[in-house]
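Chain lettering (A, B, C and D) follows the sequence in which the chains are written, and residue indices restart at 1 in each chain.
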């Protein structure tokens, strides 16, 4: 084994930052040198992330560029770009978990507004290993992934491979837990208001659609609901075909071709038992993405369940880091989910 | 006020039966004379329905045809038809909450199998007052409504009225709570397995689509998920149009035209605040159905939230009974939901 | 029936205020003339209390003393006293749901600090009808009740009557839902942090102990936990006796003597079935308080489950109002809880 | 590193068995050779434990004695004893997770009934490393621990050490999640009935009190509640003293003395922040036990939060196995909990 790589986290006080720190602290081949937080500088990490109590003596650093081999940027959308620019100017390889480098500069302009560093957009590799493994390995800048985007892309990739999306309209009905809203305080997130709510909070034009356009070549029509979960995202992808759906055996073939060798993707399609298909409950805390599919008439229904903070954010980021460091891709990511939970 | 009507419930030990009994006990113009249950005969009602403790001294009767003006049948699908036949032969007016009389005999044959009493199907009025009020008033036999069907029909009716469904494909992504599975014990419903689950349990060919065909004239493509709720159903209706969606003002007009005078339908479409659209959390325990709509590109997204045991079952049944008795339609159904819950 | 009484609510934008408004709107013998809220003046009530949508056209008034026969004060502790003083000076009868008039001036001083209007304390009747019915009837000022206090007092009253508390130490382990913290935004109440939490948030010296001292004559040692509930409070009262506990038949006798004629108290003590004892799940949304008891060695364990916003706040307040208006005590409070929920 | 030890699980289809298998599959120094289940023989493990999908190709064996260095017995109470006897007769070292060997034969007789193999009871080491580490190392038979017992013992041990229990009465008010009831189907465990319930299901004479008697030398008076959790147990231990409680600094000293070097025990006692004390939410999925304490008047309130399937069952069992194999005690148990969850 080589010397462990030095890694650092900018903006480590949010939920994604905390999840990333949890993974990095347990990773056998990296050394977490710093985590920054302007608001919490000087505080032990576990004051903000109570699960880390006893696991580290690190305290949050004031916001400054830490020295490291790979820098993770978890700053909010818009703020991250500047941090990334600064790190890249210093020659540091970056994984940016914000939305700032997920799209081409043009697409970014369309969905988010003008990009401050369009030249950096061109350099960035989209950080979904299952779609972009080779580019990530050698990239100096890797983007994070949107959590809803990831559940959509992983459901759709085999369908794109099989040509099943040709001429189709794709409607995605997504459901996500409260951790996707971050840990800033707000009225809508208070327990009495949010508990057991089931709301269509983003009925149309969800920005994560742009990440599907980038990876799968089509723009889905996306509606996102909040559900009673803390962790978890489920995308139900309705593919409306112009003619009869293929036989399920053809879909099996396509999903197997795409995912048989993927360490974190499981095809879950049982005829009996309690848990017959993907469910965020079954992947929470892990880096797994469970996928499935069904055909009826002129429709395919595909689903993908992930933990939004893991495969939908920090887990994929660490997977990218492993690729960048040329170590086994699953290193530090193999914890099995717990059941029941 | 006239003398209260005598009513009785056959098959009163399930969740729908319990909800119906709760409403009838509190109804100012009916007298609940009997509730039958073969399995629980002789037991006080509150042994099965603990919320009724202290509210009634009634005990469950053995299964036999009670004398009454209106009989509610809550027997399981398939068993109900025989009870209904017997009651109709005795000249008793019936509200049947099972699926046995919701469809024409032909449609029933297609979705459920051969109907034992096709002639009774022809006589039955579909029990959704918002769609079928006049027929219900004078009917001798009124069907219940499917809970998912009701959330779909109430979301779609104004769109049908406005001609917005012409040439459209309709995909429904529905979400329901655990009470919709009834109170029979089973592995999938155990708390440790079911808690916080988010499963696509019925991906295709859901029978409630047939009730939409009956009321709205098209057959939606329906996928139903379980979510972490006990009570509640939300239908997210994706209407895929062949051309650009109408302006939202046109949709407002259509929803208002249909629902302005409906006592139990609320259009919920706010731009600010915590609760901007329909959410089962906001109607639980009440007979309200909250609806909303959004337009994007060539798609309309409409939603409807109900309490599956109320507007989706017992509440609509009592509303039908009020119509049949020619008393104000809202009698006994005006309890406001509680918030927060 | 006499003319309905005019009632108004000061400070109607919190959870207790909303619950009170819900009850008053549905009450057949009162007329809600105004609800004040400085922060929400001019807004429809349903913007703050979404369950009231469609139920009223009232808007919040700016904070000023409304004209009415009975005024409910729902201002925060400390602020309420001034409102009450002003109303009493104007000769208006008041039910104050804050903690400001629950104790004698002396006891208030000990638990909360110096009281601004000690003379009003002497005039106030403690607003728990089951303990203080006669005084409430004729009172000009009635206090609210603490939710945890109510669950403790209702569990303990029969034990005090029976002399079972003589020489005993009383430890109360209470559990409450998130609505008890009100609808102000705060970190600890955010869904991701609060969901499924089980915390001993008030380990010692809980102020509601003073209300038990007032009613039952002893000061319990109280520890309060948050649990995963929005509504509900359960007090588990451990009575540690100096000698052997009485036979359960003696306890039955005492609870029956105290509660047989109480319309809102149910003794729940079953040997079989799913729901064998008090559970907030079974009373949520209603004014019921369910109580039970067990004896072992030198210990009695008594429990009381209530809805903290109903019997623990607004429900008891309306019950007091009914007494003050000399109308049947259960008027407007008889809604049965729903099950399952 | 030596060769990995061979281990096997008898009765691997319950929740505890599944949790144990999860830990053993991820353990770097053992090799899981077999898991038996009469009912599921021939089925892949993941059919019963869906979190294990993709993690192992093992199938359940029919019930027979597997060859191994250490055998885990997860059979139900009463059935386990026979399995243990057979394994011990074959010279296999055993960790028995049932209640069958937690007590002396005499105490077992008092709480459970006559023991079939009293001579084996004498041989068994109680499987709580924090209380019995040395005996476990060399034992041929190690018992499991009760989950409520563990939360009580870990809260109480420092108090016993400090002499703070002398002359005291100890009342324990415990709260546990639904996974503690196992995965057998039953009415009370159905989601609609169990969801958000808060019931005192075991008011008196809980058998786990006997394990406290064994470890701490006194018999607490225990009442156990179900709460809305799948995983987790919290014991709130009320120590009623005959005279004034010690200063908290003395308690700090005692807890630190006992636990400073314990890898899985964390003292959680903060004055600010969201998570100020033990909460099962913060340890779920991990082997941590968080403890705290408060003093008031003549009472100490101590709490301990664990994951009932981990520190309360399978986690402690693996910790014992590590001791028996003379490898670092934390091996395979260091996964940090996730937050938020």
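Rule of thumb we're sticking to: a contact is a pair of C-beta atoms (placed from the backbone, for glycine too) under 8 Å apart; a residue touches a chain by one contact, two chains touch by 3 or more.
Model, not experiment: these values are computed from the prediction.
Two chain pairs are in question, C-D and B-D; the one with more C-beta pairs in contact is C-D.
Farthest chain from chain D (centres taken as the mean of C-alpha atoms): B.
Separating the CA-averaged centres of chain C and chain D is a span of 39 Å. Centre-to-centre separation of chain B and chain C, using mean CA positions: 35 Å.
The mean-CA centres of chain B and chain D are about 46 angstrom from one another, to the nearest whole unit. Residue numbers of chain D whose C-beta contacts span two or more other chains: 15, 179, 183, 187, 192-193, 195-196, 230, 274-275, 340-341.
The part of chain B that touches chain C in the complex is made up of residues 15, 18-19, 22, 25-26, 47, 49-55, 179, 183, 230-231, 266, 268, 273-275, 282, 284-286, 288, 309, 334-341.
If you check the complex, the residues on chain D that touch chain C are 169, 171, 173, 175, 187-188, 192-193, 195-201, 203-205, 221, 223, 225, 227-229, 232, 234, 236, 238, 240, 274-281, 292, 294-297, 299, 301, 303, 305, 340-341. Contact residues of chain C toward chain A in the complex are 15, 178-179, 181, 183, 185-187, 189-196, 230.
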